[in-house]
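Structure first, commentary second.
Letters A, B and C mark the chains in the order given here, with residues in each chain numbered from 1 onward.
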Amino acid sequence: MFTRRRMLAGATALGGAALLPGIAHAKGSVTAAIYPGTWEDAYRAIVMPALKKTYDVDLELQPLFAVDEVAKAKAARGAPPFDCFVLDPGPRITAIEAGLFEKFDGKKLSNASKVPSAFIDEWGICVGAQVVGIAYNPKKLPRPKGWKDLLTDPWVSRLGITGFQTTFGTVSLIEIAKQFGGSETNIDPALVELKKVLSKIAAVGQPAAMPGLFQQGQCDVMYTNTQTVATLKGKGVDIDFVKPDTGAVAFYTTLHIAKGSDAIENAYKYFDTVVSTPVQEALTKAPYNFLPANKDVPIPPDLPMKSLDEMSTYVLHDWAKINPLRAGWIEKFNKEMAK
Amino acid sequence: MGRRRSFSDIGYSFVIGGLALLALVIIVTPVVVVLAMSFGEGQSLKFPPTGFTFRWYAELFDASQSRQIHRAVGNSLEVAALSTLFGVLLGALGALGLSRSRSKAARLGESLFMSPLVLPGIAFGLAALMYFTFIGLRPSLGLIVAGHMIVTVPFILRTTGASLSQLDPALNDSSQSLGAAWLYTLRRVTLPLIAPGIAAGAFLAFMSSIDNVPVSLFLSTARTDMLPIRMWGMMESSLDVRIAAISGVLIAAAFVLMLLMEWTVGLTRRMRD
Amino acid sequence: MTTLTAKLRDWQLALPLALAFAALFLAPLLLLLGVTFFNDDRMTQPGLAQWAKFFGDPFNYKVIADTLLLGVKTVAATLIVGYPLALVFVDLSPRWQRVLLFVIVMPLLLSVVVRTFAWIVVLGHEGLVNTLLLRLGVITEPLKLLQTELGLVISLTQIEMPLMLLPLISVMSRLEPNLRDAAAALGASRWRTLFTVILPLSMPGLVAGCLLVFASSTTAFISQTVIGGVRLIYLPLVIWQQSLVVFNWPLAAVASMALLVSILTVIAALSWLGRRASGAVHG
């Protein structure tokens, strides 16, 4: 039986210990945001030990989605909760506009020469690419050829869509719009066409819910990236990736240093380790299946590209144009799709 | 005794019993689904599951395969325990104070103390991070505890307040007019009577802290990884079966805890008399 | 016997909580309020543009109304099945009460992440309900339950049930069991006893439960979007989009304030009703 005094004493002791703020940045460490799932698993398994071995720097990873990273850094202005970002093009531009990055100097990396020159700019370094296309359940549906098929039977009544909240959703809706006369800056045709078949569409979902909806047969065709398809397929889900006839969309994933970080030198060491040849080689292998960001690394045969030059054959979007329009698109999507 | 049951009384039993049964079905079905999936042999969350295995529980308890989950569980438990503890201390006292005061200020206070429950978590998380940074604090476990306490203390206030409002004010008055010291009245008369309310509130607060996503999202750091955030990532990226196993463990733990409590404190007995 | 010192003492009991709230809740809330008075998402020009934008759009009124209505429907559903369960609970022997209490709190032990997945399993196109009804021949085509408000309310009922039942049970089990016997002895039917004796006396717990359920269901972002889908638009979704996707914090803050104020209004009304009801009980 607790006496009150003992409880109070215990509370003070526990509380006192916990309320001391964690000592930020012990010497020789760097904190990096990382996407949950495959990215985190891979970086924990491969980059973390490599960084420790090469530079004796401890890597701490915080799993966060791109938009959450930007929101946290913006809210904690000047005192970033982590030293390094990992971002998609949309959030990357938002972060640049909000002044959340330190300037980046590619020359500081010992492995800079091994990275394609287009992969390094004044804000950061590209360490991977994601490819977006159509995923479907081959046991239930015939293979769709392209984006246009999604809006016709038999696919449309099994289709699950998401809005403009995510990068993959945005680029997919842009591609659908293009099939009906739209463009990178005009998505209205996609909304018009979707609205015509809205009553048939199986699910209009939250992006995070899509794998679950797909697995349980609520929808059998959706748009997503190759990595999600690879992961789910590896877990025994009936899912196949289709490169649409008008091309799959690719976008880069980039690393950046947070403004106000007090571990900038270690951040460079982290980036250098990520793009080093052995690390990149390990990352391209199963179960991680990353596209390499290092010219010395051969691309394994089961990846959707044969070489990095092939990136140019993919559909690329100009996020500087898309970003300012996105808020309006989200509102429009809400209104058009609302019941 | 022995009164002949009328037609309407039979109807009563039928309707009330039927609705209560429906409530039970709604409560239990998802739990059964999750437990069934946690023993499935498939590589991903799936229903109906195929086969039967303890593999996911084994993986979950394996330190090398689930180290990150263990860290997150530790953090989440620590935060929930501390925030509930502070919440009970402040909340039960607060409910006492509010229930006795009939002033306008007390009514205003009452709605103020409820508002964390209705301010969307994302908005509070965002505002809290901006505010803490503004006053020069960096996210830490202590700040998460503070944030969780604020969003969970309304549960304690409400359930305690409900018990208190049932308390006959005459009871206190007579105890005090009989010359009992105020503290004595509180300890011997009031507290035992409102204990069930406090216990219910503390349980709600603890569980809602364990399951809080938005506040943790903003206030956590790489060192203070929280369980629901990690589970969310596992769900979205890979439909990891271990997230069902985590719930299985939680249910088993609560079951054991309940038995222990029955044994030592007799929670239900107190709830009854 | 209430002296001035006693009054002061009562008030002081709430003081630590009030101080904690001032430092940890009111201050961030004021900051949030301050954010609403900026026109642009980079927060450089002060102004009322975001207020005008939010309240100038009729769509947002529909969203607010839908959000509150969702809360009302969930409260109603939870009450209709939850109150009978509480009635059954108080009639049970202590041993069975223990078992039932454990069952009642079970939803809280399922993390929201896996709970929403379970509801996809139950309500989905190929889910449990549809499979069962198809097998029984009640329906020939799968019902659309997931991504409808009906499905959402059903799933919210589950998670909100403990919030309704715990306050209700803690109040109801303190009611004098003799009361009901007395009513029965006086010839009142069980229905009459329920509505004229038990219901009024359990009012404090009922109101507390309704408040918690209303507040929690109107802000349940994850359930709303995962089970309801994004064609059902409630304010938390708007707030999430504005704060975490397009980073228009002034607009997100305005939407948060709108949600806060509209829910608090409903809660204040409910509290007032509850106070009147319990006032009537104690004279």
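Operating definition for what follows: a contact is a pair of C-beta atoms (placed from the backbone, for glycine too) under 8 Å apart; a residue touches a chain by one contact, two chains touch by 3 or more.
These figures come from a predicted structure and were not determined experimentally.
S.K.: Which chains lie in contact with each of chain B and chain C?
M.R.: A chain counts here if it touches both chain B and chain C, which gives A.
S.K.: Once you count every C-beta pair in contact for both, which comes out on top, A-C or A-B?
M.R.: Pair with more contacting C-beta pairs, A-C versus A-B: A-B.
S.K.: Using mean C-alpha positions as chain centres, tell me how far chain B is from chain C in Å, no decimals.
M.R.: One centre to the other, that is 14 Å.
S.K.: For chain A versus chain C, what separation do you get between their C-alpha means, in angstrom?
M.R.: The computed centroid separation for chain A versus chain C comes out at 34 Å.
S.K.: Just how far, in Å, is the C-alpha centre of chain B from the one of chain A?
M.R.: 33
S.K.: What are the residue numbers in chain A that touch two or more other chains?
M.R.: Correct list: 68, 71, 208, 212, 216.
S.K.: Which chain C residues touch at least two other chains?
M.R.: Only 117, 121, 243-244 qualify.
S.K.: Where in chain B do residues touch two or more of the other chains?
M.R.: Residues 45, 47, 86, 89, 126, 130, 232, 235 of chain B touch two or more partner chains.
S.K.: For the complex, which residues does chain B have touching chain A?
M.R.: My answer: residues 42-47, 68, 78, 81-82, 85-86, 89, 126, 129-130, 133, 137-143, 145, 217-218, 220-225, 229-230, 232-239.
S.K.: Write out the stretch or stretches of chain A touching chain C in their complex.
M.R.: Contacts found on chain A: 67-68, 70-71, 74, 94, 97-98, 162-165, 202-206, 208-209, 212-213, 216-218, 326-327, 330, 334-335, 337-339.
S.K.: Using the touch definition from the top, list the residues of chain C that touch chain B in their complex.
M.R.: So the residues of chain C in touch with chain B come to 1, 6-7, 9-18, 20-21, 24-29, 31-32, 35, 80-85, 87-88, 94, 97-98, 101-115, 117-119, 121-122, 128, 154-155, 157-158, 161-163, 166-167, 169-171, 173-174, 184, 189-191, 194, 204-205, 207-208, 211-212, 215-216, 218-219, 221-222, 235-236, 239-240, 243-244, 249, 252-253, 256, 259-260, 263-264, 267-268, 271, 274-275, 278, 282.
S.K.: Applying the document's contact rule, which stretches of chain B touch chain C when the two form their complex?
M.R.: 3, 6, 8-9, 11-13, 15-20, 22-24, 26-31, 33-34, 37, 45, 47, 86, 89-91, 93-94, 96-98, 100-101, 103, 105-106, 109-124, 126-128, 130-131, 134, 146-147, 149-150, 153-155, 158-159, 161-163, 165-166, 168-169, 173, 176-177, 182, 193, 196-197, 199-201, 203-204, 207-208, 210-211, 213-214, 227-228, 231-232, 235, 243-244, 246-247, 250-251, 254-255, 258, 262, 268-269, 271-272
S.K.: For the complex, give me every residue of chain C touching chain A.
M.R.: 42, 59, 62, 116-117, 120-121, 124-127, 146-147, 149, 225-226, 229-233, 237-238, 241, 243-248
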